[in-house]
Amino acid sequence: MASDQPKDWRFKLHEVIYESNTPAGKAFDIGLLIAIFSSIIVVMLDSVVSIHLRYGKLFNITEWIFAALFTIEYILRLVSIRKPIRYVFSPLGIIDLIALLPSYLSIFFIGAQSLLVFRALRLLRVFRIFKLGHFLTEINFLTQALKNSVRKISIFLLTVLTITVILGSIMYLVERRENGFSNIPESIYWAIVTITTVGYGDISPITPLGKFVASVVMLIGYAIIAVPTGIITHDIAVAARQKKELPESCPSCSREGHDSDALFCKYCGSSLFK
Amino acid sequence: MASDQPKDWRFKLHEVIYESNTPAGKAFDIGLLIAIFSSIIVVMLDSVVSIHLRYGKLFNITEWIFAALFTIEYILRLVSIRKPIRYVFSPLGIIDLIALLPSYLSIFFIGAQSLLVFRALRLLRVFRIFKLGHFLTEINFLTQALKNSVRKISIFLLTVLTITVILGSIMYLVERRENGFSNIPESIYWAIVTITTVGYGDISPITPLGKFVASVVMLIGYAIIAVPTGIITHDIAVAARQKKELPESCPSCSREGHDSDALFCKYCGSSLFK
Amino acid sequence: MASDQPKDWRFKLHEVIYESNTPAGKAFDIGLLIAIFSSIIVVMLDSVVSIHLRYGKLFNITEWIFAALFTIEYILRLVSIRKPIRYVFSPLGIIDLIALLPSYLSIFFIGAQSLLVFRALRLLRVFRIFKLGHFLTEINFLTQALKNSVRKISIFLLTVLTITVILGSIMYLVERRENGFSNIPESIYWAIVTITTVGYGDISPITPLGKFVASVVMLIGYAIIAVPTGIITHDIAVAARQKKELPESCPSCSREGHDSDALFCKYCGSSLFK
Amino acid sequence: MASDQPKDWRFKLHEVIYESNTPAGKAFDIGLLIAIFSSIIVVMLDSVVSIHLRYGKLFNITEWIFAALFTIEYILRLVSIRKPIRYVFSPLGIIDLIALLPSYLSIFFIGAQSLLVFRALRLLRVFRIFKLGHFLTEINFLTQALKNSVRKISIFLLTVLTITVILGSIMYLVERRENGFSNIPESIYWAIVTITTVGYGDISPITPLGKFVASVVMLIGYAIIAVPTGIITHDIAVAARQKKELPESCPSCSREGHDSDALFCKYCGSSLFK
């Protein structure tokens, strides 16, 4: 009985910190998110010179309070589970540590405090909260569709990168150093800026031939933007069909996955409409 | 009988001002839209310095005439319905009031007249007119599709915003103040400019590492633009299917999915119109 | 018999000039396109100062030769059909006349020759040639899909324009004259540049609030680009389904338009598979 | 027996160099890709002035080593097949030769070494490696979808080019030389920059009328970007359907469209595997 008590206490703490489907857990998650959000706002404002000069000291104190809070949270996360090492090396655990370290590093190294911006990574926790309620279905749905697309999108991005290396190199030969295309990596950067239709204009072609090549790059970029869109649209449709097909099940063998126009079960051959 | 008369008068006025499926109501709506449009053109032209210097006085008079017209319209809207308070706090009512106030505020406060630009909000009334006739189906259709997408698009925009906060913060560390990334909010602004492929070029990376990070941001932006497109395309297809499927189901086998021009059920062959 | 001869001659000429499914007609169309293309190249090159200084006289002579050729072509078009007035007021006829006039106007007005650029409009004839052979189906298909989209796309563009008027006006209040937003039309121009993700950077926000509003405009533009894409994708799918359904026809009543999974004719109720 | 030996030796070499489904062949392909990649990195770094000044000599030696390696590879490719002339004139063979020549040309012509950037073309070999394993299906799938789209996309690009020629020419008349639109080809370049939503801002309209025309160009570009997307999305869906439908047709009723996991025909209920 006595040995159960620490387990109970750990179990309750675990429920509050790690689970988010209980009132206490949800409250904790929302509170944590507000803390993360506020601490990021402070880091942001502190980076603005004029505000830093006026409120720098106040921000310094606030940041230490946040550091203390997040340290306590991190320790609680460690003690509330049986295998703390698992959390430490989980993606969220690594992010939490990265977000925690800069405050302590700044004692030893000047400038390390600017690494506090990595606290922004913790914003990703926002999706844990949204996973509750009505958003859950939508997030699962989108995640499923994007998972199906990952491989196709990577082939696409690889092709785009190869094209930008080739076109960037050609452009380096065409425009030469004096027109801003000072080396091949710079020219590839220009090709990416152009093919993605961002177009800063910090580097832009000057010679007629360069403008012609640039036009080709732009039209390629304009036409192939359609490819990832087509891929994801298709995979969303596929994910939607799978989601939709789930409820229908065969009255004989109770297996699922039949087309909406099927008359007989495709697994056991008996009629779907008895 | 005598007590009915004011009701009749109010009813008729209501029909003209609020309804748009009668000839009088339609004429009123079109007239109102022309007035709104003209008043906005006047505000626009008055903002151009050279035109203001020549026609400033004329514009001033015109604006007061429009102010008077819209005030009368507002009063008529109030008296022609039983519960005027409802209109006042309806979205269109609030817009009408916001569009009305600047003219009167400019008597007391210098510069308040520039708030007249909010009259542009009244342009949204244009959709009331288009709701008539053949456009009605299309508008309903698009509205339905977009309503289905709202939740998914907001998850998407939230993800994009989180990414821009993280990437913007990283870029602030990489490029530093002297290269235009003067603080974190500014860097996040840059990340939004880049990820949306707008690319003004007012802030652009200068260091090689910064250009590398920027390239990653651009490629992310180029690939994930596909997500909202996929979502909306899918929801348009779903909305189209629902519109199409709604009217028919076979009275014999109760199966759905018949074309709008079908006379017999395509599954059991019995007539759809018993 | 004698009275038939001019008719024959006109008929043959008509076939060569207006039809493009005979060898002679196709050759004429291709020859005409080459002439149009060459004449545009000449106008283009002549607009480049350095080339104009060297070859200006040669270009002048060439342009007069093209003008003579196109005049002869225009006259032949008039005489080879019974009702020439129809051609004159047809879209292609008006374009042909617009392309013809500048050469003659330049005799009386200096500078009118620069209107020769309108000859570029004749490039639209290229689609007449492509209408032949395998491209015909694709062009019809795309035209059908786009025709279905026109109304929805115009509602979309109207919404975008209303948004740009409102956001442009707000931006004019936020950024003021000294930051480049010199008047409301200019601010609306900026809003269009931003919402379409073009982003020249000739006008860009300077104040923090302006940058915030701009970010909102960009994210709106980034999200709603999906709408026309969704519309056109859907209408292409619909057009494809209609095209696909054409071949299948009922063996009893020979009516078409059955779904690919239909078992019975939806018009007469008899089996589709006898 | 003796005559077989060289054949065996050639056969084995062929397997290593040309095939990639054996361990040796795969290792060769990956090794080759690493060599190509490294040689491109060297060319890239050598183009950066500051790095060239420090490591120029080292890079020079490395480039000659790579040249020797690729020459050996080219010779091995020639000797390991019966008809070497076929390889020489195949697309990959031409690319390999183009990538090889600059090293040797640089002995005779100063500056020819900069043509080494064409070695980037060899990066296209990366797709040979990805053709193995799980990526094969995806690549085939995407290639099929894009093949179907080629014709439609070219009609689209032709239309866009015609529009840019017309709009560019009009803009040349509207803005004139002094505002940066120095000749018609330049104006067409601007129109392409604008319609593809790249928007460098190196040339941008200055007069009110020019800004109006530019706004029209942008909105056109914003609306028609949807067309290639719609086309490709549709063709991806078609390719997906074909892939899915290919393997199965019911042996009883010969109807197709069964899922890949179906055991019984969904139309007649008989087993799909008799």
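Should a chain be cited, it is by its letter among A, B, C and D, assigned in written order, with residues numbered from 1 in that chain.
Keep this in mind: a residue touches a chain if its C-beta (ideal position, glycine included) is under 8 Å from a C-beta of that chain, and two chains touch if they have at least 3 such contacts.
No experiment lies behind these values; they were computed from the predicted model shown.
With respect to chain A, maximal separation of chain centres occurs for C (centres as means of Cα atoms).
When the contact pairs of A-D are matched by residue number against A-C, B-D or C-D, over half are shared only with C-D. Remark: chain A and chain C have CA centroids separated by 41 Å (rounded to whole angstrom). With centres defined as mean CA coordinates, chain B is found 29 Å away from chain A.
In chain C, the residues that touch at least two other chains are 156, 185, 197-201, 225, 229, 231, 233-234, 237, 261, 263. On chain B, the positions that touch chain A within their shared complex are 151-152, 155-156, 158-159, 162, 165-166, 169-170, 172-173, 177, 182-185, 188, 194, 197-201, 204, 208, 211-212, 214-215, 218-219, 221-223, 225-227, 229-231, 233-234, 237-238, 253, 257, 267. Residue ranges on chain A touching chain C, taken from their complex, read 197-201, 229, 233, 261. Those residues of chain D that touch chain A in the complex are listed here as 40, 43-44, 47-49, 114-115, 117-118, 120-121, 123-124, 126-127, 130, 134-135, 138-139, 141-142, 145-146, 153, 156-157, 160-161, 185-186, 189, 192-193, 195-202, 225, 228-237, 240, 257-259, 261-271.
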